[in-house]
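The structure is given below, and queries will be raised subsequently.
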Amino acid sequence: MTSAAPSELPYDPTAPLTPSGNLRRRLIVSRITQGMAVAAAFIAVAALAIVVFDVVKSGASVLSIDFLIKDPSQYGVGGGIRSTIIGSAIIVGLGAVIAVPIGVLIAIYMTEFARPGSRIAGLLRMGLDLLQGVPSIVIGIFILGLITEPRHQDTGFAGSVALAIIMLPLVARSAQEVLRLVPSPLREASDALGVDRWRSIITVVLPTGLGGIVTGSILAVARAAGETAPLLVNDSTAAPHLTFNPFGPMPNVPVQILTASEALNPAGFATAWGAALVLLVLILIANVGARFLLARSRRKLTG
Amino acid sequence: MLGPAAAPKSRLMKMLADRRATERSRGDQIMRALCLAAGLVAALVLFEIAYQVISGAQPAIAKFGLGFLVHTAWAPNFDRFGAAVMLYGTGVTSLIAMIIAVPLSIAIALYLAMLAPKSVRTIIGPLVEMLAAIPSVILGFWGLIFLAPFVHAHIEPFLYNTLGFLGIFGPPQTTGLSLFTAGLILTVMVVPIIASLSRDLFLTVPNDLKEGAEALGATQWEVIRGVVLPSTISGVAAATTLGLGRALGESIAVLSVVGTGATIQKSWFNTGNTLAARIAQDIQYPVNHLQVHAIFYLALILLVLGVATNLFARTIARRYDVSRTI
Amino acid sequence: MTERDRDVTSSVPSEDVVPRQRIQTTDAVPVPAPAPRTDGARPEPARATVFDIRDLSVFYGSKKALDWTSLKIYRNLVTAVIGPSGCGKSTFIRSLNRMNDSIPSFRIEGQVLYHGHDIYARATNRVEVRRRIGMVFQRPNPFPKSIYDNVAWAPRNLGLKSNLDERVERALRGAALWGEVKDRLKVSALSLSGGQQQRLCIARAIAVEPDVLLLDEPASALDPVATASIEDLMHELKHRYTIVIVTHNMQQAARVADRTAFFSLDPQERVGTLVEYNDTNVIFSNPADTRTRDYVTGRFG
């Protein structure tokens, strides 16, 4: 058999390995699109940097120990964030106390009790998805009709319930992800020893997944801490006094920021920026920390 | 839940599984019931939301009917309410956000999934997600103080001079508070959602598909265009729909920068209003009961829109399947 | 069409056999026998060298995967790469068209010369390399597109849009798939069987008319019938292309290959290394190295 002459091919294979034919143009196109992708990522990071920078620049001048230990002024200018930070903490904390157990129980059902392809699990998943898709202002309106209107009073508690509804799908989903990562052999060993399902769950599965569940809850809490709409509808109060009673009006940071930003007096903006800075820093730290811990616990379970 | 059991143990495992299935202990039944009760609570909340919003809107529905959707006047003191201005504003702001956010997010996702070196990816990825963590009230405040003046001073004149013939870019108004600025703020909120979901999708494209394309002498962009994008298209569409849902429902950030205008104008540089922003705006100091019912009517429309986009996203996502048959 | 019983003497030029040392690897250059023919037939031309691999070592980070490999691959021959698993066969073949580049810690020492050009040189364009040196992978990996679009995709990229239908048909015929799919070209490629999908991947690769076809265990994921059809293809394809095929199946190498390279894993260093490279019949009937003899007679691996 004779060797096929190189001239049978539509190009010369012995030519140097530099772009031939239309490759030069195609490489340029590829380079341009790559450049656009890099530019897009740069725009996103730049947007984050600009917003954070502007908030820091505007709020840093207001920050002081005074700012943290004084209540907001009744006149919209000056004052601090003591009562609003504490109020927010209580409202969000109460919401977490409601949402986390329910969310974890639902996650336990989905991963431990439901058979694969179970109809109930499918419906639950859809229900949680739908819940997550309800705009937060609508959730605020819902609570308005359910709790606040009948009581004719703005309460921190109503805000907590609204935040709990917002947190629930997030907690349930992240708990489900974590529980799914708990290795099957752990459960099987427990079963083989004749231990009841519920006991295995409490003593083996939950502790193993606890880290992930906690960090998932922190992410949900960070999300809820920034929610304004439900609080605006159900707990917007002008009275800035410190209170520990959630069953009455309770000052909170998001409404403080919004009200100050709507004020006609620009001097009131300073307080708003200070509060915004504190809120932003807390939320970003919680996010970064929780994601880092979540990735680590995920690695521990799968690696 | 048996998992890959070794052959000699399988009979024992099966025995135990049967025992588990039939003789469920009291404790197990209690826990199962508890978990189901939790699920029931979630389901109940969903129905209760629908019930409250519908019943709260009922008097307004009775009074205005479907005409509510086309009336433009919103005058609480005269008992005249109509959602048309808000529907228009919601449509325009969401459209602006989608037009900018979708290509931008896909480009970001491609960068994170395929182009960035690993060390860069682990930093930029979380940074993009951080954008989603900024509370809407802070973003709205920032938009009011920083973005709106900037848009007014630089972007509006530029767009008016270059694309003014389109009609949507009219002469700059007094402030930068406008549907356009609101659309930009919504873009910032929506990009991280679509980008991180799309990035996850692009990362699931099987390596051997990409290698097969590369081995055929394709450039990086050709691999993306020919293999990565087509095989993830419905997932990206679902992610886009989820982003749209977010844009439709955002109230506080939009309220801060949209200027709360009361009329429908052709130019996007005019003030306007959206469903969510109007609800947030009016609910603080309602003048009469009818206004509250009208607000609930707006909330009902918003609820329907939110649920519809969510269900739509789910149907698209279910059709999505990158796995191959062999 | 099939040449299952290869005619050994007609496909491979005779060579000067030089006594070999036990340890060193050799590859004798197949040149025509110097003795003049008396029957008036024209002497066989010397075969061109397509790849000249010189002292190639492959590293993944600090771990060396392939050690000091040197051999030449000749035009229009089927060259098989055999050896036990983990001996670096896949690493070797993937280094021939820079498919290892995407592995971040990948590094080479030595040279891979393709028609005299170093494919790892700075001036070399990776995409151009792959245009000329195509690859078919172990698991069939058709795109989720129609059969037609799978084959037509790369030619379209290359701008070979005229007579696309003809090109697709030619490629599918060349992969012995045309008859089975000609009525359903618009059907999704994923609906084909495993063997058909792999032949589609071969059609896809030859549609751009490469110079070389690299096949990384192309039949290992297939049933025996599909495997046989792939093997039959080799005998046809080598008329137009130079083929390098990695296989863990010795009998397959014996059936399809003109020359065979035997790689093995050095037990102490845990590094893959080329042990022996020669005409297939020599490797299998009269190997020079004991390691080769052990492997082909099934004593290990």
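Labels for the chains are A, B and C, by order of writing; each one numbers its residues from 1.
Throughout what follows, contacts are C-beta pairs under 8 Å (C-beta built on N, C-alpha and C of every residue); 3 or more make two chains touch, one makes a residue touch a chain.
No experiment lies behind these values; they were computed from the predicted model shown.
Most remote from subunit A, judged by the distance between CA-atom centroids, is C. Chain pairs A-B and B-C differ in how many C-beta pairs are in contact, and the one with more is A-B. Measuring from the averaged C-alpha position of subunit B to that of subunit C gives a distance of 51 Å. Work out the mean CA point of subunit A and of subunit B, and you get 14 Å between them. Counting partner chains per residue, subunit C shows two or more touched chains at residues 127-128, 131-132, 157-158.
Multi-chain contact residues of subunit B, defined as those touching 2 or more other chains: 219, 222. Multi-chain contact residues of subunit A, defined as those touching 2 or more other chains: 23, 26-27.
The part of subunit A that touches subunit B in the complex is made up of residues 23, 26-27, 29-30, 33-34, 36-41, 43-45, 47-48, 51, 54-55, 58, 101-103, 105-106, 108-109, 113, 120, 123-124, 126-142, 144-146, 165, 168, 172, 184-185, 187-188, 191-192, 194, 196-199, 201, 222-223, 225-229, 232-233, 236, 254, 257-258, 261, 269, 272-273, 276, 279-280, 283-284, 287-288, 291. By the touch rule above, subunit B contacts subunit A in their complex via residues 1-3, 5, 12-13, 16, 20, 24-25, 27-28, 30-32, 34-39, 41-43, 45-46, 48-49, 52-53, 55-56, 104, 107-108, 110-112, 115-116, 124, 126-131, 133-142, 144-146, 188, 191-192, 195, 219-222, 224, 242, 245, 248-252, 256, 276, 279-280, 283-284, 295-296, 299, 302-303, 306-307, 309-311, 314.
By the touch criterion stated above, subunit A contacts subunit C in their complex at residues 1-4, 6, 8-11, 13-14, 16-23, 26-27. On subunit C, the positions that touch subunit B within their shared complex are 97, 99, 102, 104, 127-128, 130-132, 134-137, 139-145, 153-154, 157-158, 190-191, 194, 197, 201, 204-205, 208.
Across the complex, subunit C meets subunit A through its residues 10-11, 44-45, 47-48, 75-76, 114-117, 119, 121, 123-125, 127-129, 131-132, 157-159, 209, 211, 239-240.
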